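Pasting in a structure now, in structure tokens, and then I'll have a few things to ask.
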Amino acid sequence: MTAVAAGIRFDPYVVPALDGVAYGLLVFVAAAGLVLCFGVAGILNLAHGTLYAIGGYTAAALLDGGWPSLALALAVGVVAATASGALVAGLLTRLAARSHLTQALLTFGVALAGGSLLVSAFGPDDPPVRLPAALDGSVAVAGHRYAAYRLVFIVVAALLAGLLHLVVRRTRAGMLVRAAVDDAEMVAVLGVSPARIRVGVLAAAGALAGAAGVLGAPIIGPGPDTADAVLLLSLVVVVLGGLGSMAGTLLAALAVGQIQTLGVALAPSAAPFLLFAAMAAVLAVRARGLATARRAT
Amino acid sequence: MTPLLSAHGITVRYGSLAALDGVDLRIMPGQRHALIGPNGAGKTTLLDVLGGRTRAGGGRVLLAGRDVTRLGPAARARRGIGRIHQRPAVWSTLTVRENVLVAALPRAVRPGRWHPSARRRAAARTADALLARVGLAGIAGVPAGHLAHGQRRQVEIAMGLAGRPRLLLLDEPAAGLSAVEVGWLTEFLRTLPRAVAVLLVEHRLDLVYALCDTVTVLRDGRTLATGTPAQIRASGPVREAYAEGVA
Amino acid sequence: MLRIDRLCAGYAGGTVLHEVSLDVRAGTVQAVVGRNGAGKSTLVHSVAGLVRPYAGRIEIGGVQVAGRQPHRIARSGVGLVPQGRRVFSRLTVAEHLVLAAAPWRAATPGGEGWTVARILELLPRLGNRLRHRGDQLSGGEQQMLAIARALLGQPRLLLLDEPCEGLAPDLAARVRELVGTLARTGLTVLLVEQQLRHAVEVGDRIAVLEYGRVVYDRPVHEVRADPDVLAAMLSVAAVPEPSAPRPVPGLWSDAGH
Amino acid sequence: MRRGAVRALRRGVAAMVVAALVLAPWTVDDYTVALLARTLALGLVAVSVALLTGVAGLPTLGQTAPYAAGAYASAVVGSHLSDVGLVHLAVAAAAGAALAAVTVPLVVSARGVVLLMITLAVGELAVTVVGRWRSVTGGTDGLAGVAASRPLWGLPVLATDRARYLYTLVVVAALVGVVLLVLRTRVGLLLRAGRDDEARLRAGGHRVAVHVAGVHVAAGAVAGAAGSLLVVAQQFVSPADFGFDTSALLLLGVVIGGTASVGGALVGAALVVAARDWLFGVLPGQAPLVLGLAFVAAVYLLPDGGRRPPVRGRLLPTVPARRPAPESPTPTGVRA
Amino acid sequence: NDEGGAGPGAPVKIGLLASLSGTYQAVGKDIRDGFQLYLSSHDGKLGGREVELVVADEGNGAATAVPAATKLLKQDRVVALTGVVGGGSVAAVYPLLNETKVPFVGSNGRPELKDVSRVWHTSYLSDEPGEAIAQHVRDDVKGSVYAIGPDYQGGWDELRGFTEAFAKAGGRLANPDGKATFTPFPATTNFTPYFARIKASGANAVYTFYAGSAAVDFVKQYAQSEVKDLPLYAAGFLTEGGVLNAQGEAARDIYSVLNYSPDLDNAENRAFVAAWKAEHDGSPTTYAMASYDAAAVLDRAIAAAGDEATPERVNAAIGQLGQIASPRGTWQFSPTTHAPVQKWYLRQVRQDGRALSNTVVGDLATVGG
């Protein structure tokens, strides 16, 4: 009896909660490239959203509802976004030693111009994205209908988070990237070119963004606003996650997902304030915690 | 006579590592106290605890009888604890003179009448005199970010003094200084008024023995011995633990 | 091995080194002393490629390297222990050791290469700190790590900028001893050292830098024969005699203590 | 000697800019004058952004919040209480300062990107509140029909573009002058020291939290005053004036103008905003592309991102014998 | 300060302000193209006079619209202003219009304004679509209806129009508090939590208003959600223009209300659609049609203004126009609101050849004034 009552009470929140997980993971996938270049390597790339949009438009242009086209779109999207990432790296080379704000100026310019080029190439309307039929339906979860494709992200995100963590923490490349943030000159003294590291990081981040753009296209579809929306969400997640920690970013993404779904379902009138209020509060509290626990020689 | 500073049972742990393990320390007014010990003994950590930069996991710090354990670095500095860091921390876009001036501001002595810039002027007087005294006058107008390593250390020393501390915590002030600058420093410390007590961390034992009346040896976060320079020099265990075969 | 010829270098606009020439033969230690700000670190950085010289030549093993990218110079067998340690604050000691091991170089000229095991034998303290991050180390531990990092790169030419700063006396002595040993096995060393006593102890030649010029450069036996010349150069005698306290105005003279 | 020459040159350029600004309304058409007035208001917000971002090293994307508070306060006072510009300015500055003061607990201990994100959130929350508080703000469509104001009691109302522009110019000049004067005192010194290394400042006995709170409130007041000028200049306010894109452009303008320089910020932001407004008029549809390319070009053309020497008035310090370089290595201007 | 205007022979300057970049550029481009289509099919003349069309970019809203409008009004000194996508932009430009005394023939956004003596619209008032469809929804749906829309002025107006008329018609809202639900705009891209609420409310149908990419997201997610079987009624913008293409199958069967559909059967529309298709892919939208009509209004007004086409005279002439034949059918300006009194149509997304399109399935009320 009470179980039934409780079931009825909680029932409306099952789907939002599940969706929060899937949506959060999607956000993590979209942000993964930024975690790498900004969180880990300390390169502020405001063109991240544009790289994602490149993947998205590729998906829209190439997907025709069949599986081979999905593979093709993924390949083309990744290559295109990787190349664009490398291009950004090329533009950034002369600014290596400059501040984040200068990098912001440059990459914001790239994002503005790139976004405008994308729109003139693909038109101002959101293009349709045609998924393979097997993915394009809905499935029953706990008695509710739920979009099947969103469940895909649970797998993709888990893989990605694990992989990134390993690469950043365990490989020599990951260590070099982290070392270069601290002191690029000393990395050079060890015999590795910091410029090469930068190109590598931005290209890899581009590849991640491109892949995310292709995979995420059916949900956060390509359109004139996509780049901004993805950039903003990614920045939120990367900074909330503590800059550079994969686990932290994943947690932050899940939290953002829940705020945007369960939070909205529970407190609809507060919906417009939820995300930013929660973010400001969490960051402020954590900053206070850090401030009391700082130490240096 | 109440000690100027006394620390009781100071303990600092980082995970399983005890950087400090129940250290006691007493510094009398005007005392020249040295803290020596092998690398990683916990000397800098102890200065951090006394200066308020690191919160100790256990123990209490009293300044002139008042408990300052819970105060932050700024509040302790205003109560007269000055600090010279092991790694020079200068304000790189400020000039050398401005660096010293800012350091002098909080405890600058204001002349009688109130004036909006009285404090700044007092601080500027102190800074100029100090720069001349420690041999930095020639580079007073250079942004500190343009200085060589040793020059930064000199600025750091001047900044530590500018705050008119009652207790000066010096962390390896002579490291990286050339012979001339060490000479300046020695002379300066030797001629410091007795109103100022000094706690000196240094690996150059000649300097320690020349300046200090009490020496504490730290090792692995514990006090190994405290005594006069002669006692410490003579102590077998200390030589073994730290400074074998060194003058 | 290392030949510096009329090198001029400095920072955007201001020249620091004026026509500096030095000739360091393979397997010897060239010590450089001089007052703070004389240009010692600038010299070391020029050789490592971190400061781009305006003019002059730097030859390492006969190859002109002035103006090359620092990572190229490093790959040609140059190791650097920079002043101020500059360890990577967010990498653990173990990670430093992994990064420092240069996969492209097999061994030092004089026999077996440096391995992590050998390093930890030399600097046992690092062994207990393998999982600590660079910014969690004490000053001396950081200095040890900087030395370890340079050695693991299997250098032919080692640039040491005040390598013993912050090391406890016994360890500092051991490091100096090591430098001597290494040189005897064929390694070339450029050593910046503040304490003349220690420079004389390990150096085969001693050079004095003053306002960016080499004003003295002699083999060590000549220095030993006539130490006063060098001491005068470094103005050690200029240290004031102990005198009565001279208060600094505004500092303690009128303080209300 | 060269130092004197550079300073003279800079003075000369500044004097010419000021002269051009004063003469502008008699030499260009109404459209340009109206555009200039709006731009000046935004330039004043940029000054507050530079104060925080460049001088104090506290990067911000949230100055649109006090700017909006000032604008709406000024508009509400203008339509209900008084038509005197000075009153509006005072009320707007107070509103901006009050809003900044309220957010101080959020910002005191945050630095760097974290601070950037917190201020972004504050800005976005402010816009959301403004959009939903319809009884006061007119909602997302904005508050139209704000009555024209008079600068002081007894003076005529500002009825023409020229009058509005001149009023804006005078106020901006006065406020920028005040900011520059205050920065010459030890306040400026302490803020710059805090930007370089805060822990050292604390170890020296300075109350860093008080400095941070103080500069936030002061910047809030400046931005609030700018809000009042915006209302004068365009006689209309809506949430669209305070969106994220405004914050972003202001920050970029400040970067172009040289983060630490107050005058540079004014010029940089004015250039960016004027370029945007102008491009939207003359190059319909292509404005973002051109603006984006202009940003990229700016980074390369301005030799050092437009950064002025970090130490005001000491471009080339004279040092006996040992000559240090005049350029700094890399003051990032952002607290880590 | 010379009076804006054009003497005999001189070309008349018309200013067109529309979003050519940013979020609303799809609508903005339709507005520009609609106006230009009228011009090109009338030899580039309005009222027999050569026209110089000055186009400016409204961007994302008021902040960019004001300077662009200032340029048109104070530098180019246009005789009339047209276009403007956002209601907020219109409100922002309004003080400038009053200052320069230039008439405005808007073709889309229409905020609430105090004095409309110089403001005309060929589009509609935001509450009219909902008002027009309310009775039909009341008759069609057995049970309650959930109303949901974006949280900004346009959304409030659209939903208010529906909920008020629906209540008057005796309908019952399914929303728990009896008021329409608003989603943060433009922040919301994920509507799943709202669908869960709709499901929980036990609604029998949904009424909504979204446009642009929010419309795409809403429709696509709706089709995969647990409320996908509830009939969806909407203001026509939900499936208008390019968004329908992006929505694809997900949009099938959605009912919408609009003042226009390309398949309307009248002479003006056949000519309009044919001319449009000759130059563009796809069918014209209501935005293009409204802008086309704005050109038609100006055409007749300038002709009526005679030799001296001053802003004042053009404005006066617009007030005298009477019935206007248009692709949407005949309409006229309401004397009080200066917006059209026009007929609204019920449309459904159905297969039309290879593509889906909005097919007119019936006439709704005539609303306006």
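The letters A, B, C, D and E name the chains in turn, as written, and every chain counts its residues from 1.
The rule we apply is simple: a contact is a pair of C-beta atoms (placed from the backbone, for glycine too) under 8 Å apart; a residue touches a chain by one contact, two chains touch by 3 or more.
Worth saying up front: this structure is predicted, and the values here are computed from it rather than measured.
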item: Interchain contact steps from subunit B to subunit E (minimum; 1 if touching); value: 2
item: Distance-maximising chain from subunit A - centres being C-alpha averages; value: B
item: Between A-C and A-E, the pair joined by more C-beta contacts; value: A-E
item: Of all other chains, the one whose Cα centre sits farthest from subunit C; value: E
item: Between subunit E and subunit C, distance of the C-alpha-averaged centres to the nearest whole Å; value: 75
item: Averaged-CA centre spacing for the pair subunit C and subunit A, given as whole angstrom; value: 45
item: CA centroid of subunit B to CA centroid of subunit C, Å; value: 26
item: Subunit D-subunit E separation of Cα centroids, rounded to whole Å; value: 37
item: Sequence positions of subunit A contacting 2 or more other chains; value: 116, 272, 296-297
item: Numbers and ranges of subunit C residues touching at least 2 other chains; value: 11, 37, 138-139
item: Per-residue multi-chain contacts in subunit B, two or more chains; value: 44, 53, 85-87, 123, 139, 146-147
item: Subunit A residues within the subunit C interface of the complex; value: 172, 175-176, 178-179, 181-183, 185-194, 296-297
item: Subunit E - residues contacting subunit D, complex; value: 20-22, 25, 29, 55-64, 66-68, 70-75, 87-89, 91-92, 94-95, 111-114, 151-153, 156, 184
item: Subunit C partner contacts - residues on subunit B that touch it in the complex; value: 14, 37-41, 43-45, 86-87, 104, 108-109, 122-123, 125-126, 129-130, 133, 139, 146-151, 153-154, 161-162, 164, 166, 172, 175-184, 186-187, 190-193, 195-196, 203, 205, 242-246
item: Residues on subunit D engaged by subunit B in the complex (per definition of touch); value: 185-186, 189-190, 192-193, 195-197, 199-208, 260, 310-311, 314, 317-322, 324-325, 328-329, 331
item: Residues of subunit A touching subunit E in the complex; value: 11-16, 19, 23, 116, 119, 123-130, 137-138, 144-148, 218, 220-221, 223-225, 229, 260-262, 264-265, 268, 271-272, 275
